[in-house]
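As written, the chains take the letters A, B, C and D, and residue 1 is the first residue of each chain.
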Amino acid sequence: MFTLSSLGIVIFQVIIIIVLAPLLSGIIKKIKAFFQIRKGPGIFQPYYDIAKLMRKDSVVSENVSWIFHAAPVISFAAVLTAGLLIPIYISDMPFGFAGDLIAVVYLLALARFFTALASLDAGSSFGGMGGSREMFVASMVEPALMLSIFAIALNVGSTNLSFISQAVSSMGLSAVSPYHILAFVALFIIAIAETGRIPVDNPATHLELTMIHEAMILEYSGKQLAIVELGAMMKQLLVFSLLANIFFPWGIASEISAAGIAVALAVFLIKIIILGAGMAIVETSTAKWRLFRLPDLLSVSLMLSFLAIVSFIIVRGV
Amino acid sequence: MIYTYSFYGFFFFILIGAALSIIFNKKDRLSTSASFISAAIASIFGIIFSLSVIFGETFDLALPGSLFFNFGFSVDRLSAFFILVISVSVFAVSIYSVGYMREYFGKKNIGYLGFLYNIFILSMILVVSANNAIMFLIVWELMSVISYFLVVYEHEKPETRKAGFIYIVMTHIGTGFILLSFLILAGGSGGFGFEGFRASGSTMPPLYKDLAFLFALIGFGAKAGIVPLHIWLPYAHPAAPSNVSALMSGVMIKTAIYMLIRVFFDFLGAGVLWWGFLVLAAGAISAILGIMYAIVEPDIKRMLAFSSIENIGIILLGLGASMIFYANGSPALSAIAAIAALYHLFNHSVFKGLLFMGAGSIIFSTHTKNIEKLGGLIKKMPMMAILFLTGVLSISALPPFSGFVSEWLTFQSLLLSFSSGDSLVRIVLPASAAVLALTGALAAFCFLKAFGIGFLALPRSEHAEHAKDANGPMLLGMGIFAVLSILLGILPVYVIPFLDRITGTFTGESAIDKSISSDYFGTIIMPASQISMSTPSLLVFMLILLSIPLVILFLSGKKQGTVYETWGCGQPVSTARNEYTGTALSKPVQIWFKNLYRPVRELRATYSVSPLIKQSFKFESRIGQVFENHLYIPVTGYILSKSRMIKFIQTGSIHAYLAYIFGTLVILFMFVILGGK
Amino acid sequence: MIEYLLLAPVLTGMVCFFSKTRKQVETASLAGSIATLLLGLLLVWQVYKYDIIITWQNALFADAFSAFIVLIVSIVGFVASLYSIGYMGHELDHGAMDLKRLRLYYVLFHGFMFTMLLVGVTNNLGLWIAIEMTTLVSALLMILYSKKSSVEAAWKYMIICTVGITFALFGTILTYYAAVNILGETGDALNWTSLIAVADRFDPTIMKLAFIFILIGYGTKAGLAPMHTWLPDAHSEAPTPVSALLSGVLLNCAMYGIIRFYTIATKSTGIDFTSNLLIIFGLLSLGIAVPFILLQEDYKRMLAYSSVEHMGIIALGIGFGGVFGVFGAILHMFNHAMTKSLMFFGAGNILQKHETKEIFNVSGLVKSMPVTGAMFVIGTLAITGSPPFSIFISEFTILAAGFSQGHYIATVLFLLFIIMIFAGFFNNVSKMAFGTPKQGIEKGDVGRLMLLAMGILMVFVFVLGVYIPPPFYEMIMKVVEIVR
Amino acid sequence: MEEIVFGSGIMQLLIALILVSTFMILGSTRLYSCVRAFGMQSFLLACVAGIVAFSTGKTDIYIVAFLTLAIKAALIPYIFIYIIREIKVKREIDLYVNISPSLIIGGILVVISYYLIRSINLITELSSFALSASMSLVSIGLFIMISRKKAIMQMLGILIMENGLFLGAISLTYGMPLLVELGIFFDVLIGVLIMGILIFRINRTFETIDTDMLKTLIG
C-alpha cells in the first residue's frame, strides 16, 4: 500500500494546501476589489501579511493558560489532517482510508473547538462573543453540510470522498441532475458560512460587535496569529475543494502521472477561481445579515439538501 | 468453572462491603475504604465473570426457590456485556469514591451510604441477570428504591426531597407499564419465566405484541429518560452525591436499554417496521431536546443530566435503525447498527462517568454547582482540568476520542439505508442523521461552554479562587476513565469484533466481514460502501502534522512574547466581573429556539433619589421546562382538584353515612330486580 | 382443642381484671397472649393434620380457612399485646390514663381477642353473633380515652356497624330460609359443611338478595366503600395497638364472613353475579381511597384509608377468581395484617414522640428516631406494594389473575389506583421521614418492646416478600380449595 | 306451614298492628310516645312468636317468645326511660324530615318492600306478607336513624330494624335454632347497654345528645 509515490502524493498535497491557501484568499480579495471598482491589493498580499506576522513577536494576555498556546497549533494540525482526506488534484487519496466526509467535518469541528476555547481563555468579552457566535453558526452549518453531501453520497452509495469524486467523474455529465444542483447550492451557502464571508461574517471588519472569526482570535498576535490566519485560509481552501471535487470532479487525475497531475492542478485552480469569483459576487452584492437572521439562511440550505435527497429518491423512483 | 467462582466472588465482596460499611459505621475513614475498596474488588470479579461468559457460553444458575417463586440467573452474552459495563464503571467510581467521600466525613453517615452503594451495585447486576419476570420486577424495584435513598442522601435540602419524590414516582409509573407489558407476555406463555416469554413472543397475536412493545417502551423509557418521560433526571442526578450520579447516569439508566433490547429482540422478535420508526423518533427527539436543555443550563450537574438524555437518544437512534433493518430482513445491517448503539452506550458510561466525577471534584473543592461561579480552574486544579478536557472532547465526539467513533458508527448505520429498498427508510434515516449532526454540533457547543466558562479565564467567585486540585484516589478514578475513553477512541478494531459477539446473539447474524471488517492501521472498513475510517492513523497524522506549525513557531525567532493584560478597548478588563458569562455564551441558541425555551425574564431596578438615578439593576432570566409546565403540572393539578371534590363525601355527618348505606342497598336491589327480569 | 383456644383469652381477661399492680397486669396479658398464640399455632397444626375439627355439637369447627384466620388473629394479637405494654405503659407514665383504665384496657383487649377468635371458629351462620360482639367490645376500647373525638368516632362506629350487621343478619336469615327449604328443620341447617353440600340447589333469587344483604352488612364492617365512612374515624381515634388489631385483623374477620357466604351464594347464583359485585365494590374502595390518601393531613387517617384500599384489593382478588386470584386475596389478608400493624405501630411511636397526628408537624424522623423512622419508611414501601416486600407478591398475583381472567379494564384501573396511592403515600411520608427534626424533639427512640414488636412484623413482611415456606403455601392452597 | 292456617287471620292482624305501631313511632314528636310505641311493637312480636309456638308446639319458640316479652317489651323500654330521665334530655325529638313527609316516605317504603318481596317466590302468602312487613320495618328503622337527630332515636331505629328481622325470621323459618336466637338476644341486650353508655358519654362530653354536634372528624 504505502509506496513512496503515495507518500510523495501526500507530502505534495500538504505543500499545495499550505501554499495555495493564501493565494486563494488573495485572488478572492482581488476579484472583490474588481467588482467594487477598486484596485485592491495584489493577489500575493496574504503571503506578505503572514511573512510580516512571522517577524513580529507576540503580546500575550496575562490570564491565559496553556490552552491559548496549544489551540492554534492543534487547529492547524487538525485542518491539515482533514486536508489529507479531501481529493484536490488526485481523486484516489492514499490516506483516504483514514476517514470519510464525517471525519472531515469532525476534524474541522475539532479545529473550531480549540479556537473557540482559546477565545474564552483570555477572559475578554470580545473573545467570548466570537466563540459563542462561531459555535452558534457551526451548530447550524454542520447538519446542513452533512445532509448536502449525503445527498451525493446517497447517489454513489458511500461517504468516502475519494470514492465519491471518482464515481461522479466516471458518471460524466450524466451526474448533473436536479438533486445534484440542489445539493451544490446548499453546500455553496454552507461554504459562505464556513469561510466566514458576507452575509454571515465579514472577514475585512475589525468592528468588535459585528465580527465572528476575527473576534475569536482578537487576543492573538505575531507568529501565533500567523498560524491562526494560515489555518483559516487552509480551511477555506479545503471547503472550496470540497465544492469543486465533490460536485464537479471532472479533470481530476485518477492515477499518478506527471501530466495528469499537472492538468488536474490547472483545472483545480480554474475551478476554485470560478468559485471564488462566485463568492466575491455574493459578497459584494449582499449586505451582512443580523446574527439571528442566519438561521433562515442556513435552514434554506438544510431544506435544499433535504429536497435533494427526496428528489433523488423520486428520480430514482425507488 | 471460572465463571461460577467469579460470580460468587462478586456477590461475596459486594456483601462484605455492605456489611463492613455498616459495621464500621462510626469510623468514617475505615468504613469508606472498606465499602468502596471491596466494591472495587467485586467489580474486578464482575469483569472477569462477564468476559468469561462473553468468550465462553451462557451461564445459568437456578436458585433454591419455593413452589411459588422459581428464581434463577441466566447470563447470556447480552447480560454479560452489561455486567461488564457496570463493573468497569463501578471499578473506577469506587476508587474515586474513596477520595470523594472525605467531603462527607463528620457531616453525614458514611456507613449508610456505603451500604446503599454496595446494594445498589448488587441490584443492578441482578437486574441484568434475572431470568424471571417476578424476580426481575423485584430487583428492578429494589434498584429504584435504593437509588431513591441514595438520591435523598442529603435529605436536609428540600429540593433534594422534591427530586427524590419526582424520581420515585416517575420510576414507579414506569414499573406499572413494565408490569402490564410482562402481564401481556405472560398471558401468551402462561408463566413468568423469560424462557416462556421468548416462546410466547412469536405466537402472540399482533395486537398484543404491539401493546407489549408500547408498554415496554414507555415503562423502560421512563427509566432511561427518553423525552417526555425524562423529567426526573435533571432533578435526581444533581441531588445525588456525585459518585452516585456517576453510576446512575452512567450505568443505571442503561439497564433500561438492556431490557429494551431484551424485550424487543429477544421476546418479541422485533419483526414490525413501525416499532423501529417509533424508537428512532423517540431517540431523535430525546437527543435534540436533551442537548438543547443542556446548553442553557448553568448548573453543571443538571447539564450533565440533560446530556445523558441526549446520549440515550443517540443510543436509541442506533437501536431504532437496527430494529428497522431487522424488520426489513437485513440482519447484517441490523447488527452493525446494534454495534453502534452498544458502542455508544459503553462510551457514554465511560465519559459521562468521567464528567460526573469531574463535576464531583469541582463541587468537592469549590462547593458550588453553578458554572457562572467557576472559572480559572485550569490553573487551580491542572490535573483535573486535563482529565475533564478528555471527557469533554469525547462527549463532543471529536476525533480521535471515543465519542467520535461511536457517533461515526451511528452515522454510518443510519446511512446504510443507501442499500435499503424501502423509500420511507431512505428518507427518514438520513434525516435523522442530520438530527444527529445537529445534536453533535450543539453538544460541542454545550461542553465548550462547560469547559471554557468553568475552567478558563479568571475565577468568577471566591469559591473558585480557593479551589485546590482533586486528591489522589479521585484523580486515579477519573484517570482510568480518561485512558479508557482514549483507548475506546483509537482501538475500535478490537472493540467492534468484541461487540459483534454480543449483537450476534440477538440480531441473529454477525456483522463482521458482512457489513464491517477491520484492516491494517486499525482501520474499520464497511465493504458495502467503500467507507473506511481509522482513528489511530488520524491521530498519527495529526501528531506528525503538529510538527509543521511548531517548526514555524520555533524557526521564527524569539519564543515567548511579552505578557500584558487582556485588551478591552483600552478599558482595564482583567476583572472577573466583565468576563463573558455562560448564559451570554449560550444566548444565541436560546434566542434561536425561544419557542422551545419560553424564557422568563425579570427586570427590576431600584432607584435612589429620583426615578432617573438607578441605584441597582437586577436582571433575571429562567428557562421554562415545557414538559413540566404543559404536561405534568396540569395533569397533577387536575387529579388534585378532582380529589378535593371527592373528599367532600366524608362530611362527618352520621346521617349522611347511613344514607350512603341505604342508597347502596336500594341500588343493589334495582340491580337484582332488573337482573331478575 | 378449640375450646381451650377460646378459653385462653377469657381466662387472661379475668386474671387481668383481678390483678392489682401494673406489673401483674402486663405479665398476665403477655403470658395470656403467648398462650393464645401457642394454642392458635397448635390448632393450625392440628387442622393441617386432620383437615377439619368439629366440637360442641357442631357449634365450633375449624377448617383451613378458620385456622388461617386464627393464625392471623393470634399472631397480630400477640404482637399487639407486646406493643401495648410499651405503649400503654408510656400513656400511664404520662398520665394519659390511670391504673384502673389500664386494667380495663387489658380486659377488653383480651375480650376483643376472644371475639375475633370466635369469628374464626364458629361453625354456622352464628358467625353473625361473633362479629356483632367484636363491634361491641371494640367500641368500648375506643372510648377508653374520653376525648370528644374518640367518643364521636365510637358512636359512629357503633351505629353504622350495627346497622350493617343487622343487614347481615337479614341475609343470614334468608340463607337459612333457603337452606331450610332444602334440608328441612335440622339444627345443622346452618353449618358450613352441610350448607356447602347443598348450596347449588338453593333458590337463586333468594340467594341473590341474601348475598346483597351480606355484602352490605359485612362489607360495612370490612370497610368496603361506600360503607367505609366510619373506618377512618374509628381507626385513627382508637389507641394504637387497638388500631392495629382493628385494621389488621378485624377487617379480615369481616372479609372472612363475606368470603364464606360468597362461596355458598356463588354455588346457587352463578359466579358472575357475586364476583362482579365484589369487583365493583373492590374498585370503588380502591378509588375512594385515592383522593383521601393524596390529600391527607393526618397520618393515622392515611393508614386507615389505606386499609380501605387493601380491603378493596382483597375483594378484587376474590372477584377475579381463579386459583391465582383467590390465592392472592388470601395471601393478601395475611400480608396486609402484618404490614398494616407494623405501620400503625410506627405511627404510634411517632404519635407518642411528637404528640400530634398532623403530617406537617412531623419531620426528620430518620434523624430524631432512627429505628422507627427506618421501619416506617420501609413499611411505607411495603404497604404501597413495592418489592421485595410481601404485599407486592399478593398484589402482583391478583393483577396477574385479573389479566388471565380477562378483566382488563378492572386490572388497569387497579394498577392506576395503586400507583396514585403510592405517590400520595410517598409525598406524605417523605415529608415526615426526611428533613431536619422539628425543634423541641430530642433524638432518641421509644421503648425496646415496641421496637421488638415492630421487628417481629418486619420479619414477616420481608421474608414473605421473597420466599413462601411450603407449609404456608399448602395451607393457603387448602383455603383456596375451600373458597373455590 | 299449614298448621297455622287457622291462626293466619290473627297473624295478619298482628302483623298489620306491628306496622301501625311503627308508623306511630314515625309520627310522634315526643320521646316517651316513641318508646311506648316501640314497647307495644315488641309486645305484638312476642304474641306472633307465641302463636307460632302454639301452632307448631315447639318449646324453644316459647322460650323465644318469652325472651322477646321480657327483654324487648319490658327491659329495653325501661332502659330507654332511664336514660331519658337521667340525662334530662328535652322531650321533643328534633328531626331533619318533618312528620308528614316522614309518614309519606314510610308508606312508600312499605309499598316498595311489598313489591320487592313479591318479586321473589316464597312458599306461602302469609310468609310473604310477613316478610314484606319485616322488610318495611327494617327500612323504616333505617329511615328513622337517618332522619332523626337525637342519638337516642338512632338507637331506637336500630331496635326497630332488629324487630323487623325477628319478624322475618319467625315468619319464614319459625326462627333460628335456639342457640343462635339466644346469641342474638344477648347481643341486642349488650348492644343496647353499650349504646346507653355511649349516649351518657356523649352527653357528658358534648352537653347534648344531638348528633349534629358529632361532625368534627372530616376528610
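Note that in this section a residue touches a chain if its C-beta (ideal position, glycine included) is under 8 Å from a C-beta of that chain, and two chains touch if they have at least 3 such contacts.
Bear in mind that the values here come from a model prediction, so they are computed numbers and not experimental data.
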Hopping only between chains that touch, the fewest steps from chain A to chain C number 2
Judged by C-alpha centres, the chain sitting nearest the middle of the protein is B
Of all chains, the one whose CA centroid lies most distant from that of chain C is A
Of all chain pairs, the one with the most contacts is A-B
When centres are defined as mean Cα positions, the distance from chain B to chain C in whole Å is 44
Rounded to the nearest Å, the gap separating the Cα centres of chain A and chain D is 101
Distance in whole angstrom between the CA centres of chain C and chain D is 31
Whole-Å distance, C-alpha centre of chain B to that of chain D, is 70
Expected list for chain B, residues touching two or more other chains, is 647, 650, 654, 658, 661, 669, 676
Among all residues of chain D, those touching at least two other chains are 119-120, 142, 145, 154, 211, 214, 216-217, 219
Contacts with two or more other chains occur in chain A at residues none
Contact graph of the chains (line, ring, star, complete, other): other
Those chain pairs meeting the touch criterion are A-B, B-C, B-D, C-D
Residue set of chain C touching chain D in the complex reads 59, 124-126, 128-129, 132-133, 136, 139-140, 143, 146-149, 151-156, 158-159, 162-163, 166-167, 169-170, 173-174, 176-177, 180-181, 185, 187, 189-190, 203, 205-206, 209, 232-233, 236-237, 292, 295-297, 301
In the complex, chain D touches chain B at residues 96, 116, 119-120, 139, 142-143, 145-147, 149, 154, 211-212, 214-219
Chain C partner, complex, touching residues on chain D are 119-121, 123, 138, 142, 145, 151, 154-155, 158, 161-162, 165, 168-169, 172-174, 176-177, 179-180, 183-184, 186-187, 190-191, 194-195, 197-198, 201-202, 204-206, 211, 214, 216-217, 219
Touching chain C in the complex, chain B uses residues 65-69, 134, 137-142, 145, 152, 155-156, 158, 161, 164-165, 168-169, 172-173, 176, 179-180, 183-184, 186-187, 639-640, 642-644, 646-647, 649-650, 654, 656-658, 660-661, 663-665, 668-669, 671-672, 675-676
The answer for chain A against chain B in the complex is residues 1, 14, 18, 54-55, 57-63, 65-67, 72-74, 76-78, 80-81, 84, 95-100, 102-103, 105-107, 109-110, 113, 116-117, 120-129, 131-133, 135-136, 138-147, 150, 153-154, 157-160, 163, 208, 218-219, 221-224, 226-227, 291-292, 295, 302, 306, 309-310, 313, 318
